[in-house]
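Heads up, the next two complexes both have chain A, just with different partners, chain B and then chain C.
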Partner chain A sequence: MKILAIDTSGLVASVAILDGDSILSEYMVNYKKTHSETLMPMIAEIIRMTETDKASFDAIAIAGGPGSFTGLRIGSATAKGIAQMYDLPIISVPTVDALAYNIWATDSLVVPIMDARRNQTYTGIYEYSEDGEMRVLMEQCAISVEELVEKLNSMDRSVIFLGDGVVRFKELIDETLKVAHKYAPAHHSRQRAGAVAVLGAKYYEQGKYTTAEEHEPEYLRKSQAEREREERNA
Partner chain B sequence: MKILAIDTSGLVASVAILDGDSILSEYMVNYKKTHSETLMPMIAEIIRMTETDKASFDAIAIAGGPGSFTGLRIGSATAKGIAQMYDLPIISVPTVDALAYNIWATDSLVVPIMDARRNQTYTGIYEYSEDGEMRVLMEQCAISVEELVEKLNSMDRSVIFLGDGVVRFKELIDETLKVAHKYAPAHHSRQRAGAVAVLGAKYYEQGKYTTAEEHEPEYLRKSQAEREREERNA
Partner chain C sequence: MSNKDTYILGIESSCDETAAAVVKNGREVLSNVISSQIAIHTLYGGVVPEIASRKHIEKINQVVTEALEQSNMKITDMDAIGVTYGPGLIGPLLIGVSFAKGLSFASDVPLVGVHHIEGHISANYIENKELEPPFLCLVVSGGHTHLVRVKDYGEYDILGRTQDDAAGEAFDKVARAIGLGYPGGPKIDKVAKEGNPEAIKFPRAHVSDSEFDFSFSGLKSAVLNYLNSMEMKHEPIVQADVAASFQKAVVDVLVGNSMIAIEKYGMKKFALAGGVASNSALRDAMQKACQERGVEFYRPSPILCTDNAAMIGAAAYYDFKKGIRAGLDLNAVANLKLGERQY
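Moving on, here comes the complex of A and B:
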């Protein structure tokens, strides 16, 4: 099957085409431009470069959240648009799961940390089985780094951190985490649509997909605008 | 420092820009077009998308071989051209080392296998230290898969395979390798200029680079044309 994959959950915009067992193309840009400027040109670029027939996709896989609200909305709108035009299902892959899949088949726990503002991180805890299957030990959620560190100290296993939260939280982690830990190098540390595509194909086989109309991003938290409205109304 | 990284050692063309601790962009195409058609447009694309000043690079990192002779020559010629225009050093990263760096911080041995034709594979054996540093246990070389399997059986540790040789050699490996082993998923299985860039930055710090004039690809074996000429002359 052929999957177009999109990740706009963070500062990074990443797109990929998975065809059966191969990634045909993957393209990531980590730059201050907005996703509304970059995403469609990036998709057009990899489709053109691989001479892919736009009608040949079987599904769209997307990092479905959490993440930047604007980023998720742009990714979701784009995915819905393409999916509706070509009558394709949308596979929503949890953002933190896809990020964890950057690190594969390690004996350590894999813990992505995204800067979620308001002193929280979007995170989750993952491990790999002997045969390389990723297992979710703590589902993606928005918590404080203090709470995450407490949890990891209680699990007493070595940890690999990755994600844009490393820059923000490294000092706090180094001061308070008692277990051995390290940080992923640059080429493994940011969102990759390739990981979204490969996980997306697994989800698809398990029947985990929706129609374009049904798809909604998973924000995990309320937006600033919603919180402010609620505060005004309270 | 800012590095432009190139990998054209296999069927895949991959380019990346590393800026300090971040990959600004990474772009991979795994398609039947020749590298002479794809490489320069891909470099131009990521430079344009990240609004990178062409004069701002500090070095070019390249997967220096082994690999496809034509691929290596195109990559090398392109790197030399850019490096000479902008007076930059070239960092030659062993192709198989960069491929191994796709898998990070695992307890298994990491063994890239590239299809080298003539019943050989370009391969090497790697492991990770506790702190995530990659160590070379067997330097990249061209050997038969039978010889590789014998070596791995004697080492008695679990193995992760990746690379374009998996498709070709999987059956033989599964039949003859006695240790636990698995194959990397699609998003970790092919050359990535991001890995070339990150390893290249380490090499640069260690003073391992040359001038554009000095740079030559490391073919590891003689080309078909050279072998045929030698056979005629013998």
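Moving on, here comes the complex of A and C:
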């Protein structure tokens, strides 16, 4: 089982190759260049470096959203182009699930927070069972940090936060969250394609994948024009 | 040199059409698949970039698969993939560019980045097998108005461009103002046939400091002012007359500037290109003006005037033959200038 994994949902571009139980390569770039310039050269580089046969992948796993609309589409369109050649299935891994999976086997709740603009965060609430399986307590969604804090206060468990939303929302969280909480260090705090790959392999075994043609990002939000039109017609 | 045929897969997603095509030797179209989004954008009175981007990503694989199937070829039979990388809407452009880079990498088929306007110009090579540069070309569409001297394949001298609205944009805005809706070009063309082009005197704007540049925003304002004043006076507005008179004003300027350029540069051939090249009044007036001067007149058929990928394949062919190749870092460039190469 060989998987090419891609995450371009946020500022970070990250790609990885999973071969069986082993991550052969993982490459992350958190720099001002656009995903459009970096993503494809990064994929080419990890394939070259690991002497991987391009035709040997069984599937492409991608952080399928939410995230930056344009970022998601650059990843998806690239995956769809590669998949077109080899008729590969695409595994869409929820972005926030994959982010949460950067922290493993803790007793605390794991809560990724991404800056979703418009005073919201893309977030979800996760915990690990005793045997280390990740469980979703609140599915990924776009909500205000106030709403998230209220929910976490009511759950009364310690929390680990991670994600690019920490910078933006830390002050507000520290002021309003009553439960014990901490913030993941830099190497656990951003999207990593390795996590997308490992979760993707689980999904693949469960039959959760689509054809390249069927795949599209999960935006969690309608476009502004659609929202405004619906408001006018409401 | 072998005489082997060259096959190009063209991909286009710069605005609201997702398109793919297979073109042989730059001039023969083996397939030309276009998935139009016009129905959805009509709800919004124009193209919404975010919605367009979402539609492109839904359709891209299907459109490419159909283009290959209809030509009875596989991706590995292609000598190159040509993709529009600008100008256009950045979100939509990125779908075609990202997809094409992924496909090019996976298949080892070389990639060529194509300028969208160069594609429109090259649509004439498909339609008119005998056409070769040099010629004068007027590219008119919803986003572009360029008067271009095509000196050789891929070599352009831009003589004039619009300083404000594109010609097609003016059509859309005026169509909206007189209640015809989107897309304005075809609707005005149709209604204008019933109207008197001399009924209302709208201005023919000439740009003072540039011989060949265009300006359509003044004309658009003149139409709006006319509609307002008629309303104030409670006089009836004859939709067909407004459409015909407005259209005549646009056509007069487009033909006028083109003919001055033809005479100044001694051009023997003239080609129309772009979506507005389908406008019947423009076509007829331009053809007549060319005939009067003994200039050969060319234009693509309507299916090649609209945004399509066959024209991108045709343009890519001439770049490919020159050895031009794009790297995996090819980026979309929303405001790419004609004649400029950003890779």
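One rule holds in what follows: the second predicted complex is superposed on the first by the 223 of 234 C-alpha atoms of A that agree within 3 Å, B and C clash if a C-alpha of one lies under 4 Å from a C-alpha of the other, contacts with A are read in each partner's own complex, and residues count from 1 in each chain.
Here is the rule we go by: a residue touches a chain if its C-beta (ideal position, glycine included) is under 8 Å from a C-beta of that chain, and two chains touch if they have at least 3 such contacts.
Owing to the predicted nature of the structure, the values given are computational and were not obtained by experimental measurement.
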Message: Quick one: is A:S76 in contact with chain B, with chain C, with both, or with neither? Answer first, second, both or neither.
response: second
Message: If we overlay the two complexes on their shared chain A, which of chain B and chain C does A:I103 touch? Say first, second, both or neither.
response: first
- request: Mind working out whether A:S36 is in touch with chain B, chain C, both or neither, as first, second, both or neither?
  value: second
Message: In the overlaid three-chain picture, which partner chain does A:Q224 touch, first (chain B) or second (chain C), both, or neither?
response: second
Task: Considering only the touch criterion stated at the top, classify A:M1 as touching first (chain B), second (chain C), both, or neither.
output: neither
Task: Identify the overlap between the chain B-contacting and the chain C-contacting residues of chain A.
output: 38, 41
Query: For the complex, which residues does chain B have touching chain A?
result: 16, 18, 21-31, 33, 38, 41-42, 45-46, 49-51, 101, 103-108, 130-132, 160, 180, 182, 184-188, 190, 192, 194-195, 197-198
Query: For the complex, which residues does chain C have touching chain A?
result: 43-44, 48, 50-51, 53-54, 57-58, 60-62, 64-65, 75, 90-91, 94-107, 327-329, 331-332
Parts of chain A lying in touch with chain C, wherever the complex brings them together: 34, 36-41, 43-44, 54, 69-70, 73-86, 211-213, 216-217, 219, 223-226, 229
